[in-house]
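As structure tokens, the structure follows; a few thoughts come after it.
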Amino acid sequence: MDDDVVPIVEELRRRLPQVSAAEQGQGKEEACAQDGEGGEENEFPFEIRALEALFEAICSFLDARTRELETSAYPALDELISKISSRNLDRVRKLKCAMTRLTIRVQKIRDELESLLDDDDDMADLYLSRKLDASSSPTSSSDAPYWLYGSPNTGSKRHKSSRVSGTTVQRENDVEELEMLLEAYFMQIDGTLNKLATLREYIDDTEDYINIQLDNHRNQLIQLELFISVGTVCMSLYSLVAAIFGMNIPYTWKAPGHEHVFKWVVIFGGMVCASLFLSIVSYARRKGLVGS
Amino acid sequence: MDDDVVPIVEELRRRLPQVSAAEQGQGKEEACAQDGEGGEENEFPFEIRALEALFEAICSFLDARTRELETSAYPALDELISKISSRNLDRVRKLKCAMTRLTIRVQKIRDELESLLDDDDDMADLYLSRKLDASSSPTSSSDAPYWLYGSPNTGSKRHKSSRVSGTTVQRENDVEELEMLLEAYFMQIDGTLNKLATLREYIDDTEDYINIQLDNHRNQLIQLELFISVGTVCMSLYSLVAAIFGMNIPYTWKAPGHEHVFKWVVIFGGMVCASLFLSIVSYARRKGLVGS
Amino acid sequence: MDDDVVPIVEELRRRLPQVSAAEQGQGKEEACAQDGEGGEENEFPFEIRALEALFEAICSFLDARTRELETSAYPALDELISKISSRNLDRVRKLKCAMTRLTIRVQKIRDELESLLDDDDDMADLYLSRKLDASSSPTSSSDAPYWLYGSPNTGSKRHKSSRVSGTTVQRENDVEELEMLLEAYFMQIDGTLNKLATLREYIDDTEDYINIQLDNHRNQLIQLELFISVGTVCMSLYSLVAAIFGMNIPYTWKAPGHEHVFKWVVIFGGMVCASLFLSIVSYARRKGLVGS
Amino acid sequence: MDDDVVPIVEELRRRLPQVSAAEQGQGKEEACAQDGEGGEENEFPFEIRALEALFEAICSFLDARTRELETSAYPALDELISKISSRNLDRVRKLKCAMTRLTIRVQKIRDELESLLDDDDDMADLYLSRKLDASSSPTSSSDAPYWLYGSPNTGSKRHKSSRVSGTTVQRENDVEELEMLLEAYFMQIDGTLNKLATLREYIDDTEDYINIQLDNHRNQLIQLELFISVGTVCMSLYSLVAAIFGMNIPYTWKAPGHEHVFKWVVIFGGMVCASLFLSIVSYARRKGLVGS
Amino acid sequence: MDDDVVPIVEELRRRLPQVSAAEQGQGKEEACAQDGEGGEENEFPFEIRALEALFEAICSFLDARTRELETSAYPALDELISKISSRNLDRVRKLKCAMTRLTIRVQKIRDELESLLDDDDDMADLYLSRKLDASSSPTSSSDAPYWLYGSPNTGSKRHKSSRVSGTTVQRENDVEELEMLLEAYFMQIDGTLNKLATLREYIDDTEDYINIQLDNHRNQLIQLELFISVGTVCMSLYSLVAAIFGMNIPYTWKAPGHEHVFKWVVIFGGMVCASLFLSIVSYARRKGLVGS
């Protein structure tokens, strides 16, 4: 995930000055605005705005890559269905690997968001600037930097237990606003994951279809080959008869005046061979081995 | 899901005037009715009726599409079993994709309903008109529009924790009534999902069956081909003998008076070939390669 | 599930008069008996006895069908292993479909029982007659008919939250007794589900075995066919030599006095063909293509 | 599971007298010992000792059978890899069925232990003798016999809710000691389950390997057969030429003085056939159908 | 897992003296430092440092083995794709088994860490030295040795319930610091598990690809063989005609002056055979059996 971080950092850099600029005069203003109930809902403190920019960058990045993947995967699969070749198979295999890697990343972001949303305390901890103001309370001052630089997801699943005391109505309001913000990104990333799941199902169904199709194709090839083998064995029989009459051993019908023998051999041989061919084919058909 | 929204919106439009009309005089009435315990149970406020209409439209829409799918899938599968052809395979593949997409949608609605039912607070928040009356309480006034336009499911999984204070007996009654209403739709959508799961199982079982059937068919084809090959090789041997005696090289039996040689060659050759055929076939049968 | 309801209803009808008869004098008696701690444990009120009869009917019905399925499935699978034919395959496929449908039904009953057992409040709500006595409490009087006619399972997963107040020691005792009763049926249905799971595993293992067996069989058929093809090609070579000497083109060895040529051609041709056969077979054996 | 109970009961019978003997004087002693904090940790009352003996018997029995299975399964699988035969396949299939049945049993014991460990109340209820002493408290006196003869696992998942009142420090200590005891068996049975899971993975991997190996083997067989077929068709062509010149139709080269024709036919025919053989093989190689 | 313990113990032995040395003067110091809020965050007591060293050793050991596996697995898989041979198949099978075993171990460590992180009480119990100081509290003094030598994971899942009383602010701080420490290792081991999951997906995708590729290869081989069979049967027909005219039976065209018969037979026979070949091939192509 190392080179993937670069565009996100750039995106963040591009967006945050603008936010900082807007932030300039607002920092204080907002600290007050929150005292009054309501205010304007988008007036989040700096750290929340950074987080929002970050999530937006990640979500749209992953969504864009998912779209790209879809754009190339569906035609590749349809092409594979119409013509199964090594080149198409290899292309689909590469797309599948790319999809697996992308799914793991999207799943991870989704899990982190879900676990962050699961715990009100962790969301409240994200209001760093507010905590700095309230730094006289010694309880959770130490983990603030942790939540910024580390990953909040693993911790958030736990300690659902205590620390309920000391939360004020103010904090409750903050958490609800942040929750709504994060939920928007959660739903976006969930939609991306859904697209990937649908794509995976489509690939799996296509593979099943190709397997059955290849098997069916092979059976039909073998059926045709069976007909040809039956033809070969019948002609072998006829050839054998001809070869027997072609042996250079003296016999009575070699003498002149036996011209009628030739006719009888040709006609009778042909009839025997044809009846052999038809009986084998009708046997196979009666057994359901070859279709109509 | 964009074009699928259209019929639902139309359905909603068709139903809501009727609801509004009935609602006209009831709005106030009901607000009072709720003060008295009991009243009539179906007398929900406007927003709940809209929600009810919405869920009914969605559930019956999805159920109808599931029925359609079942109607076309089961005959298609039975036809595929009786005759495995590319056309039937392709038809089943298309049905399977349609089923996957439909399952994902039904699953989503079911999850949303389940998570809404999981949280009493979210259900209470759905009583918007009641909240407007009680808008002096500052706690949750801000998220009312959110629940209307956004999706309630993601939020409901969370904040199971607090906000237990301030709920009155009135609210408890509301929630129970709404819960019963939503559970009816939950059970309907759960039944739809069950049908789809049964269909998927049926498709998977059919695919397994077809795979084994194709393999078994191929083995039988190869067994028949084996018999034919054995026949060919026996006749080759006989032809070889005939060809040897057909060589134009002078030898003693070419002289007249050796007519008995011909008989011996024909009879002895035929017996050798027949015994070769029988010995190979009996070897294969003894090894369990060909059935009785 | 429509026609399946009929025998259950009949079973219920057959059993409930007997229960009602026993119930006649007990209704009051029992209401008193419960005031005293202990009493006799099986003296449940009417609604619980009906529920018990219902669960017993369902559980024994499903268990009987599972036994039936087992009785026909295991021999069918063993027969399929000993002889893979279309008829046996189709029979196993039909049994598998029946098993899938039965599993879904058993799973559903089990889930409903589990979720009912999960929530003490729902179990307490099942004591309808007691609630009628205590109908002065307005909290949960409305959902009593719901629990009777609707399905209790979906609701029970939820509202684990509140309503803890107002439960008395009496109610706790009731719930424990009912819990023990329901657990007996839960364990029976769980055992049925276990049998079905074991059966499914057995079917899946058999299918895997059949797949590998069919593949192995095919490879052995192809190995035998390979031997035959090698024989054919060797005899073709010999025939070719004979055919060359059988051409009607004048040459020196056609003149009398070349009788030794015939011997040499026959002996040398035979040796070349035999060595060709052995070299191809030993090549295949060295490559590990054909077994010892 | 009926005949499997016999050895366990015997084991229990063998062990319990010894316990009972040790128990003789301890019953009272222990009841006192528990009043003092600490005591010796293994001084459990009679019912817990019986439970311990039971779990030890079951765990060691299941572990022994798992070891047996491992001892026979790994060599059988390695033998199957080195030689795929019907006998080896059937042996592995039987081992797989035995493993599935054993896994279901181990899983069940593990689930029961886990759910028992999940609920402190259920563990406290296991101290029957203590409850008899404290039988003045009416709350849970009725379910004591249930927990002994019935299965504790299903009930323990539930009623996590209430009954928190009335538990003393004494009870907490008891539960912790019992928890440590049960955890030892839980870890043993978990280890057994892990061994079975590893074995199952090994079997599945081996089956995948065998499937691919069989497919690969078949392709190599078909490749060799292809070479032989190409040889056959080339010699057929040559034979055809020879047969044409072997027809008994008068033509100019039948007259003496055309001895050079024979040479030309043999040499030219041989070159045409060899070039046909090489061109088909090089075509197949260029297409990647046959390896180097 | 017996021999794997050796390097970890050695690693532990190598690291702990250094810790002990650093610990020498700190033991007391730290006990004081914790009274003051904050202090330096890494000043954990001896037992926590030992635990940290242990987890670091395990995590880096497992991560190193995962990297090794990746280094050998990816090239082996790519080689298998480019050339499917028994040797490559066997190599990948061995790597897959190694991966399965490693995954089970990593999963176990991860589960233990997760369950330890899930329960604040268990983490607090890890501060052994602090408990020794506070050994006047009788509640949990007995299980301290247990948590050291036994495995904490199984116990931690349980008794989430009570024991909330008596925890001070001091303890809360300790737990948060330890949680941060453990989370770092949790994330490392989670990353290792993710790598293994990606590798498993890659192996599975490769196996699916190889299966389809082998099937496709076989179909192409059979297609080529079909062409050759068609060629054989056509030449058999021609040979048959030639053999018929080669029979040594007197007929009119054997008399001189019928030289034109030879030409007609050769030309007409060739045309019939060529048209038979083309008609069979075009039939197969029209049926979609052979590609362009």
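Order as written gives the chain letters A, B, C, D and E; numbering starts at 1 within each chain.
The rule we apply is simple: a residue touches a chain if its C-beta (ideal position, glycine included) is under 8 Å from a C-beta of that chain, and two chains touch if they have at least 3 such contacts.
In this text, all values refer to a predicted model and were calculated from it rather than measured experimentally.
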Fewest touching-chain hops separating chain A from chain E:
1
On C-alpha atoms alone, could you tell me the rotation angle mapping chain A onto chain D? Nearest 5 degrees is fine.
145
How many angstrom lie between the centres of chain B and chain D, each centre taken as the mean Cα position?
29
Based only on mean CA positions, could you tell me how far chain C sits from chain D in angstrom?
18
Chain C: which residues touch two or more other chains?
86, 211, 215, 218, 222, 225, 229, 232, 236, 239, 243, 246-248
Please output the residues of chain A touching chain E within their complex, sorted ascending.
83-86, 89-90, 93, 96-97, 100-101, 104, 108, 138-140, 142-143, 146, 150-151, 154-155, 157-159, 161-163, 207, 210-211, 214-215, 217-218, 220-222, 224-225, 228-229, 231-232, 235-236, 238-239, 242-243, 245-248, 253-259, 261-262, 265-266
Per the touch rule above, chain B residues touching chain C in the complex are 37-38, 41, 114, 117-118, 120, 160, 164, 167, 169, 172-173, 175-177, 179-180, 183-184, 186-187, 190, 194, 197-198, 201-202, 205-206, 208-209, 211-213, 215-216, 218-219, 222-223, 225-226, 229-230, 232-233, 236-237, 239-240, 243-244, 246-252, 280, 284, 287, 289-291
